[in-house]
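Alright, structures below, take your time with them.
Shared between the two complexes below is chain A, which has chain B as its partner in the first and chain C in the second.
Moving on, here comes the complex of A and B:
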């Protein structure tokens, strides 16, 4: 029974992490219809920024986290303005080729600068070890992840649903032409959203170094996971990707625990079955965009 | 002349062998005789060309984007390896065919998953299938040798006559023969009414369906055929290198393949062949500059190609040949790349 709770807890933490990593992609891929396979590269950037600040410059972990966000978002907005923006109207094939090219470049560049071995971020002592909660061992680090990611999710949902910017974004996504006709600066909204998504990915990358492992091949290894979150979750709201990441996180942790030899086999099978069953995702709109 | 005769006439005109095509194959044969010390890398190019040809069949002619074409390459590679290792089909040509058939069966079964849904779903499903097979190959390491790969494969002489030699001469001519035969087959297919209907589907599936083309059946057929080609390419890989390892399924392999095809251009069959030559040369150059970080330059090439735009790039590449043709043949340039993607 306690193992079940531990698996559930770890799975939720893992899923929350995946959500923060992938929710930027939900916007670019799901809403702007841009196949951005390079999303993991922004996450990796955040992770390495955090690692360098904490390990080499001696910054406290919690001060390095916002900076990971800022640096990834800055790189994101620079790339969006200079490169991505020209490709919104291109075919999916072009978008795939472009973003795969970016992934390859980032992998090699990070390998060159930081070396190819896995990197660990030195954690503050307060985050190490476990708390005993009615006999269930709860990792402090994972608890912190759940708290941070949970708050972020709530904030995102509020921003999207309640603020003026949220309604602008939703309008721009639903019908860019009508939205720009109403005076909404659609490219600006997209650029800002793209940058914010990249920043979240960077934050997720910094948080995930401890759990997923951080090495130059991070964008390639976890690309499929981000894509699963978005395609399975659908793109009509952020609730879909959120549920999908929780499912994926719990499924992956449980799969590794109960059928360790089958590895990622379970996840891929489930993904293919779901996509065949509902090509627009579990929680997606039925009409193809 | 009825409309049907007219269409048939133009199709036959299109399908005629042009001088440039003959020149291309003569050049290939000349390379084979001119550089006897480079058989190994040239064999590598031929295998890649065949693999790219298989992707061109679905991407260039049917407009199906696949991120997991390495799946069939891997199946062909492991099939050929296992057939030779356990002595089930010791004769290489027969084994090649059997490995191709195994890939065909898998291609046929997965084609039902791929034809559903739009581009994005297709990308995900093809990618998922390749990753799934990689995970399977890793799981059943007692059969596949896990991350060490299949070891100790010993190839029998081809047709019992030509033994594989150290310098790769036999392997090279073996690959060249297979590539040429399969190329002829592909050329025949894409110029047939079947091939024409595929192009109609690529340009507009809805309209194709409206004029009575069974879209799904055609897509299943071409996807299956493409899997056969990829399987043969994989089997050639195993037979000429006596090696099959897990990375035959890897994502990088599928991504490299797309780069090959994009360099060469899609939809005229020679794209994969030319792209394979250019890609291998680029790879050689980058690997001599920075052995460890050549991936960066490959990525840069991809980004630049997309930003410049593929049609424009091919116009640049064809500027010189077209100039020569205009100057010396005194007529309008005939070399042009039909460059249109699916919707």
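Moving on, here comes the complex of A and C:
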């Protein structure tokens, strides 16, 4: 019985991590209707920024995390202003080609600067090991992931649903022409949203180094996971990707534990079943734009 | 299909012609060309870089002239993609008229070049790839790296003799992982051990958590691990996170997992891991100390087992050329390499005259902290181990 809870806990932590990594993609793909396959490159940037700060400059881990967010977001906004915005109106194929090109460039650049071997972020001792909670093994690092990601999700949901910026963003997405007619600076809103999504990816990259591993091929290896989260979750809100991440995280961990021979297929089986049942994802909007 | 075969035989004649033409006017003044085909980009790039570094280091130390002939290295990147390897090997043999092809980061790459070595009668020096069958694919292949069977059978023997009764295995689900698992299982169960849990992990595996939980629940004496080098660190960290180290479960495995190249970044979680392998940067011989110091000075980090294979590979080429008096006839060179014995930074090694595969000591090592850095410290030796993948046949 206690094992069941440990598995559940590990699954939730894994799912939360997937969510933070992928929710930026849900925003660009779902809200801005832009296929950004280079999303993982921003996650990798965050991971490497954090690793360099902690391992080489001796920063504390918790101070380096926000900086991973800031640097990724800054790079995101710079690229959005210089490159991405020219492709908003282009076809999805153009967007895919462009962003895949970015991925390969980022892989080569990181390989050149940092080397191709896998790197780790030195963690404070307080985050290592497990806590025994009524017989259930709770990993400290995973617990921290759940706390950080849980708070982030709450904050995101509040911002999108309750604040003025949130309603501007939703308006800009629903009908950019009408929104700009009402005096909303649509490009600015998009740039800000894009940067925020990149920042979240950067934070996710820094958090995931310990669990998923960090090397220059990160954006290629995990692209498929981000896309699964977004397609399964649907892209109309962030609730969808959130539920999808949890479902996939728990399904993946439980599947690998109980039926290790089938382990790698579980996540794809879940995806196929859900997409047959709801082709637009769990919380997809019915009318595609 | 017939078009393809036609092309192939055309290429083959091309090679044969090129070799015949190349061999005749090869005067003593002409340089000996070595085509070094390595993965310099992509996931296997660290293998390529180490071997390239070691070859350069050797040539700096020993000079670039052997038996009156200058040695010229032509380095090509195949990115560990077998199709590239084959194309590059063909270009090197036909256009550049190389006298050796060497390197080969992964097994499929070595196999892809094997038919070309046979057709062109060019010695193929395998400096990295570790599957048993490789040397059987061409009479011109000589290996200076290792085979997976060597380390996996030895750790199986060692575990069975040293009080480890129950083992759970965790191996990546690809050819080398399955090789390692089977060789280990065979020797460990023959020695009276029992496998209580067997898990094959998908190669692209982001998170070890569920598999490690299975290991923990199986309560074995030790976990046998083989994962691709890069994943070893993640495995060790999660192993410690889950408290497996404190529950008295030891980690054993072939030494690839504890590659010197990565070991120091794994953190203290790796301490106490027992592996069997042919090389450790901490090998206590005078020759190795010198080698490690020179390598560190030149490249800023310590050499791993790939570097030492490259170092020995180029050494073997030098010695073979000395024996043939600078002649580059493929058959004579391979004959010169057969049975060759020398002292390597890893210890005494030789080339099996029957199989052209390496015969070397396999050391049992434990990860310990030396001067603040993690090293594989050797504490037991199995001498002159042949590749059991072949000897069993």
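In this section, the second predicted complex is superposed on the first by the 285 of 289 C-alpha atoms of A that agree within 3 Å, B and C clash if a C-alpha of one lies under 4 Å from a C-alpha of the other, contacts with A are read in each partner's own complex, and residues count from 1 in each chain.
We adopt the following convention: a residue touches a chain if its C-beta (ideal position, glycine included) is under 8 Å from a C-beta of that chain, and two chains touch if they have at least 3 such contacts.
Model, not experiment: these values are computed from the prediction.
Q: Counting only touches as set out at the top, which of chain B and chain C does A:104 meet: first, second, both, neither?
A: It touches chain B, and chain C stays clear.
Q: Looking at A:184, would you say it contacts chain B, chain C, both, or neither? Reply first, second, both or neither.
A: After superposing on A, A:184 lies clear of both chain B and chain C.
Q: First (chain B), second (chain C), both or neither: which does A:159 touch?
A: Touch status of A:159: no partner.
Q: With the two structures laid over each other on chain A, which partner does A:272 touch: chain B (first), chain C (second), both, or neither?
A: first
Q: Figure out whether A:262 sits in contact with chain B (first) or chain C (second), or with both, or with neither.
A: first
Q: In the overlay, answer first, second, both or neither for which of chain B and chain C A:91 touches.
A: Touch partner of A:91: chain B, not chain C.
Q: Which of the two partners, first being chain B and second being chain C, lies in contact with A:144: first, second, both, or neither?
A: So A:144 meets neither chain B nor chain C here.
Q: Considering only the touch criterion stated at the top, classify A:120 as touching first (chain B), second (chain C), both, or neither.
A: Only chain C; A:120 stays clear of chain B.
Q: On chain A, what residues does chain B touch that chain C touches as well?
A: Correct list for chain A: 108, 111, 261, 263-264.
Q: In their complex, what parts of chain A are in touch with chain B?
A: 29, 35, 83, 86-87, 90-94, 96-98, 100-109, 111-112, 220, 223-224, 227-228, 231, 261-265, 268-269, 271-272, 275-276, 279, 288
Q: Taking the complex as given, what residues does chain B use to touch chain A?
A: Interface residues on chain B, with respect to chain A: 59, 65, 67, 113, 116-121, 123-125, 127-129, 131-132, 135-136, 138-139, 251-252, 255, 258-259, 262, 292-303, 305-307, 310, 341-342.
Q: Flag every residue of chain C that touches chain A in the complex, lowest number first.
A: Checking each residue of chain C against chain A gives 41-43, 45-46, 199-202, 204-207, 209-211, 213-214, 217, 230-231, 233-234, 237-238, 240-243, 261-262, 265-267.
Q: For chain A, which residues are in contact with chain C within the complex?
A: Those in contact with chain C are residues 3, 6-7, 10, 14, 108, 111, 115-120, 122, 128-130, 137, 139-141, 210-213, 215, 217, 221-222, 225, 252-257, 260-261, 263-264.
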